[in-house]
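Structure provided below as structure tokens; questions to follow.
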Amino acid sequence: MAITTQRRKERIDRGINVRTEGIYALMSIKELSYLAAPRLVLIVGLLILPLLLPDMYWKRVITITCIYAFLALSFDFLAHFVGLVSLGGAFFVGIGGYLAAIANTYWGFPPWLTIPFAALVGGAVCTLLLFPCLPLRGVYFAIVSLMYPLFSARVIEALDIFGGTDGIMGIDGFSNHFVEEYAPLGLLLIALFAIRRLVTTDFGLVLRGVKDNDQAIRASGMNVTFYKSVAVYIASTMGCLSGAILVHIYMWSGISLFALDFSILPIAATVIGGSGTLIGPVLGCFILVPISELLRDFGTLRIVFYALILVGFIIFRSEGLMVWGQRKYHQFERWTQI
Amino acid sequence: MDILIYGTINSVALALYALGFAMVYGVSRLPNFAHGALYVLSGFITWTMLNSLGLPYIVSIVLTLIITGIIGAMIYQFVLIRVRGMEISEIIASYAIGLAILEGLRWGGFRGVNYTLPAFIAGSTNIAGISVDYQRLLVVAIGAAVVAVLWLFTHYTRIGLALRGMAQDERAAMMLGIDSDLMAVVAMGFGSMLAALAAILLLPLGNVVVEAGYNVLILAIAVCIVGGLGSWMGAVLAAFLIGFAQILTVVYLGAQYQMVVAIFAIILTLILKPSGIFGQQKELEERV
Amino acid sequence: MNNQPLLEAKEITKAFGGIMALNRVSFTVNAGEILGIIGPNGSGKTTIVNCLTGFIKMTSGHVFFRGRDISKKPPHKIADMGLTRTFQIMRPYYSLPAYKNLVIPLFSPRAKRTGGWRGGGRLGDRNTVGIDILEEIGFERDSYVPYKTASTLPTGYLKRLELARCLALKPEVIICDEIFSGLSMSEIASMVPLIERLQMEGITLIMIEHRLRELFRVANRVMVLNFGEKLIEGHPKEVMADERVKEAYFGSQNMAEVMMHA
Amino acid sequence: MKTARIKMLVIFVAAVLMMLLPVQTVQAAKPIVLGLPLSTAFLYGWAAERGVKLAVEEINAKGGVDVGGEKRPLAVEVIDTRDLEPGVPVSDALLAVEKLILDKKADFILGGPVRSEAALAAMSLLSKYKKVSILTTGVLTPAYHAQVAKNYDKFKYCFRIHGEAQNLVGEMFANFGELKKKYGFNNLFIIAQDVSHARGAAEVMESVAKKKGWNVTGVEIYPTGATDFSMGLLKAKKTKSEIINIWMDMPESAILLKQWYEMKLPALPFGSTLAAAEQPSFWKATDGQGEYTLCNVVNAGNAPSEATPWTMKFYNAYAKRWGVEPEGLGSSSSYMAVYVLRDAIESAGSLDSDKVVTALEKTDIMGVYGRLRFDPKSHQVIPALDPKDGAVGSILQWQNGKRVVVYPKSIATGEIKLPPWMKK
């Protein structure tokens, strides 16, 4: 009789102090670099990316990627740290974009003013409009937030305001290529690390509490809707910021800012990148958007490939790339006999 | 009177769009965003069999129903089953499959106005002075029959009962020995067949175009939400609600508000009564 | 002290559809006392908690806390006034360590206002305050228990964690929804002194209970509910002697339990 | 299991990359690259693509374009903008235009973007990169050349070689006037698709009609993708409308015509950019139910006629090359745009944008659809009723399964007929 040995894979945490939670001291350069390396790779990588790409066109693709990355970040933050699955990315983009366009063309604000204006005021507008839906949860909130951009586009169309279906033209562009490339990247990195920091603060803990058990939050004397609206404000500010940048890049604003793609693509990126990791969705965007551009050469077939790649990712890496990567980084695997 | 007639027709059409979606969601809690794509796909399958293979109409219809059902079941068995329970992944995966089907069809040359299915019975008649073509009347009749058959099916057959059991309480159903995965596959198959049935009934009224896939999906979702997700009878009633609301808007407001009405109905329903008009969830459950 | 009761419920009524879960129940709670509320299954005990704390809107009736009508207030406002509750089904934040669970209530406006457990000004580090509270409630500070993630804690600790969450707010009233249920005898035995100490520290308690023997040991007064109506209210001894109470319990499945414990 | 999956993934990625490679082939002579941002899945997209490719093949067969003494061939880069699809943001189409300019190094932009909103949005981009663009399909909004006229220095790179909505309206009213004289028609019902150009045209239509003494019985605007038009048609019937004016470029417009036929509605369907009725295959698709439908196909050459000696030459060459007759808006205009551009480059002697703009402004040739000249202020092709004076439109009617041009009179091959159920 043949002897069959059974094997299984064992996963072992890497034996470095910094892996443990709580209080620790960094013991060596090795451990320091273990911690810092991934972050550095990310920051430096993103910052030199425009320099590595000689082509103007690919630099533009990166800027567009940043726009989607903002949306993915805001989606991940809302979905996994506050428990609001928002499909309203397009709504944020649209509100932010239109506000920037209006501020620029009607009131004559320069871009460095319209973008913060659109982000901050746009966030407030979005929060105000979404406020009645905040008590909803799960799929119900998702669908309502999906309807908002569709509805907004129809309203602008039907009332024929803000240029109607023609949109607003003649918006100022960025004066400087360098600014155009690095402003979105820089802001994205700031937003990314700010959100990462935020979710570990006490305030972030409360937001996670809202997600896990909002009853207990209520019983602790905290207004759940208030915390949700603060979170929505943070997320929609990021979304509006991306919308404002987009409008200035293309010097144009129109109802297609409310297009479904702005809602769907960031979520796809989140699923691919690993939900709940914050960095994952950003990386997901940096994978998906360039792939979509590479596939342009296929003409109409592009969307088919794109969709299939998406399905492939979801099936074979359903946990998300980032979760998988983190596990590989922090643990090693070996085969053991049993 | 014309409002009554065309409102009914519109409502039945909406109900047909929505039934398949409602069935799949009801049984396996899967929001099948490929529903619209299956609808369009079955239209093209019928067209191909009819025109390229030269099969008789009735044979093509039956074959289309079967093929679409199998395709739906396979999509579930090979793809969606892996992301079961992960709501967002389910939506993205099924939407991506739908996208691949639709855009693939477009790439394959199925575009423009050349693709039409013949009406079952050509011609039209007058009802109270309003001319209505036979195909539309047939849609209403068959639509009613489908609802009736579905009701009988879910109340009196083994599979139907099992499906209904799953819809009500998956865990309990599993304890009673119902294979939940198998049932989900079956449900997806039936849901796809319903989409194909809707396509075969409704497409002869117009032509088969890829874009219809997206619209059918949105309308199906609208109907299902207003009716309460997962409630079949709710979906039928909601179809009438939205159907008549749409016709009334066309008559009194203007056709451009048709979609606005559908979307507004969803938002309003969700804010006021998230479980839908006929949903069964308790008030406390969905809000807290 | 004035004569005004701390908490006063006037004719609370709650109907779920056609079913009367509570029918015109009135009672008062004085500062510093422990009121027990008992009754067979389905007699409306948890509904009372939900009504008092605003988690359910009552059909009619009023609740006065320190003389103010709180019956229309949302739950977080009520908690903010110092009327807190525990949940019968414990749902801590499972992925967080036990002491981090307390950071969340310590972040609330009331906790910030009252200055935390040790008192005085705005809180410093909520982590240490959280551990302090856990120690008071019976988590061994120097052991690993406060640092374990909540999902790994046994039921006894989870119940304490629920209490600790209330204590983080420096409450005036804690409504305990079946805090003894699901615990072993020894766990209950260590919980009872804890309850007594809370009372000593001036906290008013309302205890919804199934475990009558332990309840009767700590409660000053007991109210009995049956089918949503108040049956009797009084000293534990009086209540036990009452015929109607016996009937209510004898007629129910809890008969054996009453016989065992009382 | 796990490793097998990874292997599969690697193979898949490798396959994708390999498919990408052949695109970057090196060409010997440096061609002039024409970038075509088109929605290739739609009639106006593929019609334009075929028109341009036909012209490019003809020119290359004769040796290419003479740029200051050097013969250079033309090359075509097409990118699918998907801008006619719902749910796709215009920014996606703009990125496609940028890809053509920056990545594909297009020297000129021809054709699209096809949807008016996208074309308007692309104007700023074209002026930013100083790329000369000639619109040849889709975009009908008068706002386009109005923008050029208003802001000439910024948008002078933008040209349009096909007719725009106002021309179409004018041409149609000439026909309406005739119908009024002949049959006493006075009630006009307007149905439009809910997109920028169609709504704009419907509004213009309504106000002009009222001025000219028509009784406008209703204006219905249907969302893109609508599939049931019965209520609008019933309204038209109730109000005794005699002409239904249709502005709809979605394929679902075929449903509208089918419903019209099934209802035997006593009103003449008179469309513009009526996607369904333009195509030769329409007749087959509807089993002849579209008989008597009138449609403005914008420029001559999109339907058979003898506008100029070139018209039928183009028509037959197109049919031979693509196996299908020119189908609708975009076919002849895209074809001509290449020739116009060639002439401009040759007379400018360089590819410099500003020089080519000046040369284009001086364009004056007899093309497929008449004499082609651009208005020097708005860069819109100058329309006319006679092919000797300017670019002519053409309105066709489906008669017996054929597309019969009924207007303008100078090139007409038949007369408007009424369906039997409308004859009094």
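Here the chain labels run A, B, C and D in written order, and each chain numbers its own residues starting at 1.
To be clear about the criterion, a contact is a pair of C-beta atoms (placed from the backbone, for glycine too) under 8 Å apart; a residue touches a chain by one contact, two chains touch by 3 or more.
Note that the coordinates shown come from a computational prediction; the quantities given were computed from them, not determined experimentally.
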Hey, what chains does chain B share as contacts with chain C? A
Chain-centre distance (mean CA atoms) for chain B and chain D, in whole Å, is 35
Counting only Cα atoms for the centres, state how far chain A is from chain C in Å. 42
Between chain C and chain D, what distance separates the C-alpha centroids? Give it in angstrom. 74
The positions of chain A in contact with two or more other chains are 157, 215, 299-300, 302-303
Overlap residues in chain B, where contacts from two or more other chains coincide: 106-107, 256, 259, 288
Going by residue number, chain C touches two or more other chains at 55
Report the complete set of touching chain pairs. A-B, A-C, A-D, B-D
Counting only contacts in the complex, chain A reaches chain D at residues 55-58, 60-61, 64, 157, 164-167, 169-171, 173, 246, 250-252, 254-257, 259-262, 293-294, 296-300, 302-303, 305, 309, 312, 316
Listed in rising order, chain B residues that touch chain A in their complex are 31, 79, 82-83, 86-89, 91-93, 95-97, 99-100, 103-104, 106-107, 221, 225, 229, 256-257, 259-260, 263-264, 266-267, 270-271, 274, 286-288
Mind pulling up the chain C residues that touch chain A in the complex? 53, 55, 74-80, 84-87, 91-97, 100, 103-111, 126, 147, 165-166, 168-169
How about chain A: which of its residues touch chain B in the complex? 79, 85, 132-133, 135-140, 143-144, 147-148, 150-151, 154-155, 157-158, 214-215, 264, 267-268, 270-271, 275, 299-304, 306-308, 310-311, 314-315, 318
For the complex, which residues does chain D have touching chain A? 5, 8-9, 12, 16, 19-20, 23, 40-41, 78-80, 82, 87-92, 94-96, 98-99, 101-103, 116-118, 120-121, 123-125, 128, 141, 143, 147, 151, 194-196, 199
